[in-house]
Every structure is written in C-alpha cells, then in structure tokens.
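Chain nomenclature is as follows: A, B, C, D, E and F, assigned in order of appearance, with residue numbering initiated at 1 for each chain independently.
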C-alpha cells in the first residue's frame, strides 16, 4: 500500500528550505502531497495560483501540489495521506509545531505527524525572511530557486 | 488573612487549559480573581461581556471573574491580590512570561508572580489554536468546555 | 518493499514513554527494530539482557528487539532500516537530537531521521527520572509498565 | 491555616540566588521549609551538616532548614508543606523542572509546584558556577553571602 | 584602522536596554553607528526623526545615529562598518537572531555579526513592553532614560 | 592598539567547528589567543600538549595557542585580551553561555564576551560527538581536520 505524506504551508514564496524538506520527505513516503493553504481573508505576497504553478515546476517526481482551504488535517485526509510532514529548524519551531501536532492528533486520530530536521545550509531560510529582504531591495537568489527569482523580476509583489 | 491571586488574560475563548490552570491556582490561593482584559482598540473574537458570562458559568467556587482595562498589575492590586498567576506550557512561554514578570515586579513591587505548569493533557491548547480550528471549520470540542461549544454554535464569531 | 525503522536507546528501564513512541512509530513504518545499546564500559542499572527480555514481553506485533554495540547508524543499516526514529519531549531534546540527526546523515547518507512528538501524558517520563524515584524509595508504577514494576521488585537494582 | 512551602536542593554551596528565591517565596507562603538533600553515595563539596548550619545563619524569619533523604515530595509532606517552590532562571531550567513538576504531581497529588522567576541580578548564579570558580582560584564573593566566603576560607573544599 | 560597528533597530522608543548594549559595544568597536530603520509603510509610535534626536542626546561619545531604509547590511556597509552588533536577552532572541545573522552573512560576506549578552538588570526590557505599559497608563520611567519619559509627557503617542 | 581575543575551551579534539569559529573571530580581532584548559583532575581524551601541537599546526596566522590553568578570565587578561570569544550553536548553548558571560563580567569587569554564530555546515559538530563516534568505531573525518584523523590513527585514545 502506498504511503502518502502531506506537507502543508503557505510557500509564499517557496524557498530552498521547502525544497530540501520535500527531498527529505521522499525518503520517508512513497508520494508527497504539497498543500498550499488558501486564505480567503489574506491575499498573500504571491498569488496562491502562481505559487502552485511555481512549485509544480520545481518539485521532483512523486510530488503533487494542490491548494487547500480549511483544516490541513482535512485536506491531508482528502488526499489520502497518513502522515503530516513538518520541518524543524530550531527550538522556536518546535514550540509552535508541538502543540499543532498534538491538536492535529485529536482532530484526526489516524494521521501521524513526523518532523524532519532542516538541512544545515538552509536552516536559516524562511519565506518571511525572503519577503523582507526583497522588500528592502536585497538579492534573494541565495535563498530561493532560480524560478522564483525570475518570477519576482517579472511580477514584483506589492 | 485571605490570599488572593489574579489571573489575567484574554480568554478569547476560555479553554480547557485555562480551567485546568484555575483549578491548580486554587491549591495555592484562597480566592482567585480571573481578569478578562478589555482592549478599546481590538474587539476580539467573542465579545468581552460574553466571555465573562461564559467564564462565570464554568469556574468553581472561590473564583471571581471581572473585566479590566489598563495594566494587569493595577487591576490585580485593585482586586486585593498579592499574587499574579501565570501558566507555563513550554520554553517559548517562559521567554515571554519572564520579562513580563520582571517588569511587573518593577511596576508593582508588592505583587509576586507565580508560574504553574500546564497539565499534560492540555499543554498544547491555546485560544489562538481554538480560533484557527474553528475558522477552518474544525471541531473544537476537544479543546474547550461544552459551554463554549454551545455558545459558538449559536453565536458564530466573524 | 517493507519500510523498517530503527529506534535506538538505553531503555534502562523501558518506560511508558518508550512504549508510546513505539506505538506511534508503527503508524509510520511497517516494522520497527528497537535497538538496546550495549556499552562495554558502563554496566547500567538493569542488565542489557534483562532489558531486552522485558521489552520483548511488552512490545506489540511488528516490533523486533535487539542489542547493539557501536554506532546506532551501523546497527540500523545492519537491521535493514531506512529510518531512524526519535522522540521529542521538549526544546532541550531537540537541542541534543538535532546535532545527532545531522551527524548521522553524514555518517549514513541513506538513513533519514524522523522525530515524533511524545504523547502528552508521558512527555515528562524518562528512564533517568524512574531510576531517581526508585533510588529514593518512590513508587514508579505511574511511569513504567507493570512488567517493569514486577521486575524491580524481584531484582532490586544497586 | 498556615501555608507551608518546601524548597528542596543541594545548596552546595548556598548562593545569592538561593537566598533571593527564599525571600520571594516568603511573599507566597506563611512558612518555608528549606530541605537540603542528603545523598548517601555522594559526599558533596561542603558537608551537608555545614550547609545546614550556614543556611540557618542566613535565612530570614519564617524559614526552617532541614536535611532530608529520599524523595523531595515525601520530605515536603512530612514537613506539612502543600507547595513545592522552584526557581526558574532560563528555558533550560524549565525543560528540567517541568518533567519533575509533572512527575511530582503523580507521586504526591496534593502538592502543587510553583515556579518563581530568578531575580535579574542573580539569574546567572548557580552552585556549580561557584564551585568551578572557587576551584579555579577565583573570587566567589560576588555570588555567595559573606558567611560562605568566610567558611570557604577556613574550610577549603577538596 | 578604525573598527566600526552597526547596531540596527527600531528604537521605538529607545530603552535602558538599548543604551546598555551601546555601552557594551563600545568595548568592542572604535566607533558605533546606531541605525534607526525607516519603514515607508509603518509610521511607528514615535516619529523616526524624533527617535534619532532623542538617541543623539543620549548616546556617549564615539556613537553616531543615523536613519536608514532598506537592508541593514547595506546601511552598515555604507557606514563603513565591518561588524553588526546584536543583543541577546534569551533563547527566543537567539532563535530569531541566528537566522538573520546567517542570512546577512550570505548577503554581505565581509560583515561579521557579534552578539552581546543583555545586562542582567535590563534583560527584560523591550520597546514593545514600554509601548504596552505606556498605552495601559503605566509608568515607564524604570525602563527608559529620563529624556524619553519627558518626551512622552509632551508628545503622547497615539 | 591591537585588539586581542581569547577563545577558551578543551578542544578535545579540535573540530571543524572550532576552526570555523577561529576564522570568524579573526574578522573581529587583530589577534586571537586560543587557550586550551588544563585540568589537573581530568586527563582528557587526547593529552593537552598534543592538542596544543595539533592546533598550532592548523590555525591560520594571527592566532596563538596556549595552555592555561585556573580561570579563563585570568588567562585572558594575562594574554592581554580584552574580548572573550564564544560560539553559539543553539538555544542550549546560550543557556549555558549566558550565565558564564555574566559571571565573567563580575570576575573581570574589563573583559567583554562576544558570541559568534556557528557556521551552518558545522553547527552540529562538537568534540563530544567526535569522541562518541570514534569510540563506537565510526569515521570522524567529516567532523575534524585531516591532521586529527591522522593523529587518531597513530595515537588511538583509550
């Protein structure tokens, strides 16, 4: 039976950190579903549909990319996943991920959360950092794949 | 002489975590005053007055529930409290609670802050988590008392 | 293809925390190998062979229990495992587990470390705590399975 | 009814940090019992009896100093205490204190653990630090009361 | 050759903590440039120009105060700095400072980030705390220099 | 005037992490003195004199390597240093380094402690990890310079 993982996030924008985690997760699951959360109230930096197209152009085989609304656990179950995949960069991450994992266990008892350690070279990279550097006029090419750099050149976020 | 504790918060909404902490605090103080902060600028999720009514219907004996504006230490002193009661769930909590405790000591030298460890089964529960799950259409009945579930059904927050 | 996980530790003694983690890991892997580290220099509290017999009597199906010497990654590879399973109780755990995971990645590139959150009711339980309580004459039955309580009664550790 | 707190530790040696915590605890309890753990296997740096005499000469009114063996919760109950008092200096402290508090709750349901924040000027002081500085020939008078400085001059620890 | 450090922040308002860090930094560098970030989108609590004038009136010799827009590393390089100076109050600070230091290293390879520990008496002080206390009608004179107290009296922030 | 830093440690053995920190420190100081602590009671893994010879063969220009006994601050002052250099890998490091920095400030008011963030690729490397891997028969060449690998081959530690 195929083991499917679900990796939920905003991916606004996708970073080297996200892609490194996707590659790690593929060592653990047969198929990974990357879920981009759509939030009716917040438009975000890059439109959700563009994020999804960008992710699709970057992820390796065995990875699907979808949008989802509402609870990540509901989207994971709809995608047939039995594992929620999360990345850990430092203790602050754990302090926010741990309550979420325990809450998700109560919301969806069959789903198990697995945490993977961020790779050393990308453990300081976050979407927020990328947005801040870009807003300040900095060069983000060390933190995101070339597809994102190219997209940001032609579609400057507000 | 009666020992009175003050437990300040938003309680938006009250959770199993809050009630567990109230029960713990009653082992330490003779009387506990639960103070719901009223913020002129932010309306919150559930109206302050409704939070207070809900809390009043749930707390055990020896507990008062009041609204307060301004500094928690001033409200505590006005309520005759000599102890500020806080809950600790993890290291992130401590890193925000510790500066507040030290600042409160300078603002109100007579008031001592005591920290109580969150009970294991509820240490992942927070009001923010409840709001997020409810907004995403999830079932929050594992995290809040039945009174809150019932209230949310009849008064869906925006 | 069968997915095998390796869960290394001292298990001196096995606790409710260890067993809860074993049950969680079985949601992620097809088969779990529990490896009890044998240390030529340190005799430990309960003899390694007794720990192995006790664990064997307690673990559910799909779990093997073995002794190992030397590197955990080498033992994991010898057992055919592709995943190292670790438990996380708090930020202090992460600060020690994270360097180990990154080092193990350099020592055995094919092996992925997955971290599972400790269940709320047992996140405070550790073998060291059990040893300390037992040495001080306390009752450890809240922290370890009945098999261990019984063993400790008939084989009091030094 | 008198509220009694129990503050267990090694106090090897007592420091400014311990005394600051004692003073804080006296805002919360009517009487404080300071329990110096006696460990049959470890002799310590300063003999337990000397630590007790030194503490007795330093603590304010409403504080008793006793030796205890075995579990701190048992000693606390024997002393009539309903509160266990602990100090928190940083996140590392919490990660070790939190499991102990939860375990003590299972061992002695009636006893509540309260944590008090270390005062800013002494939050870096620990007995281990004092021992290390003294062993290295440093001056420890900034970290311990004058009684301890005097004792160490006349009774150099090994 | 003169060694110049750059200390970037919002300083909204400047606190005893900021000034203590400036004094520490002057033990490490020959000249310190304090950079007040100007954010086109956010007006802040006290106007940037007022913050700069207040800082100029308070800093010791060998310190310059400037406004900057965009990346802190770019402003640091423009100011001739080779060191970025940061303060650390607790583990939460490190978890946010560490990624920034590693990102800044990629953005400006010649600039080194040095972290200085906050002094004990001010490690709980932050601009946010000061704003919150002032908004709640509290007295902030224990947390900020007298110049700030005076300014706030004559220029009450919204 | 020359700015001298002091970097104290056991360096048992020296690792890639130590050397990366030395290179970083040379961006901050004119000259760095690496102090290898000699402990009369503990012999260590590699003899102190061998550690010093190995370090001398590996460090870049502008770095001295010495042995010291007693307090690091006393050795730093004897070496003419005005800065103590420390590395930070994670929050656990900070929780042990921060009290030491504050204590050293009281012991030697003129000396300032500066903390440098460990480089991403080596932030998981520690001497203890190297010793454990080597003892378990693992290959440590990913964690230490080739000089150390060669030394360990010809001088196997006990």
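Simple rule for what comes next: contacts are C-beta pairs under 8 Å (C-beta built on N, C-alpha and C of every residue); 3 or more make two chains touch, one makes a residue touch a chain.
Note that the structure is predicted; figures quoted are calculated from it, not measured.
Enquirer: State which chains count as neighbours of chain C and simultaneously of chain D.
Expert: Looking at chain D and chain C together, the chains touching each of them are B, F.
Enquirer: If you walk touching chains, what's the least steps from chain A to chain F?
Expert: 1
Enquirer: Report the chain whose CA-based centre is farthest from the CA-based centre of chain F.
Expert: Of all chains, B has its centre farthest from that of chain F.
Enquirer: Among the chain pairs A-C, A-F or C-F, which one reproduces the interface of C-D, with more than half of its contact pairs identical by residue number?
Expert: Within A-C, A-F or C-F, the interface duplicating C-D belongs to C-F.
Enquirer: From the mean C-alpha coordinate of chain A to that of chain E, what's the distance rounded to whole Å?
Expert: 33
Enquirer: In whole angstrom, how far does the Cα centroid of chain D sit from the Cα centroid of chain E?
Expert: 38
Enquirer: Quick check: what residues of chain B touch more than one other chain, meaning two or more?
Expert: 90-92, 95, 98, 101-102, 120, 123-124
Enquirer: So which chains end up touching which?
Expert: Pairs flagged as touching, ordered by label: A-B, A-C, A-E, A-F, B-C, B-D, B-E, C-D, C-F, D-E, D-F, E-F.
Enquirer: Can you check the complex and tell me which residues of chain B touch chain D?
Expert: Those in contact with chain D are residues 3, 24, 27-28, 82-83, 88, 90-91, 94-95, 97-98, 101-102, 110, 112-117, 120.
Enquirer: Inside the complex, what are the residues of chain D that reach chain E?
Expert: 90-91, 120-124
Enquirer: Residue numbers of chain A touching chain E in their complex, please.
Expert: Residues of chain A touching chain E: 89-92, 123-126, 129, 133, 136-139, 142-143.
Enquirer: Which positions of chain F touch chain D when the two form their complex?
Expert: Residues 69-71, 73-74, 91-92, 95-96, 98-103, 106-107.
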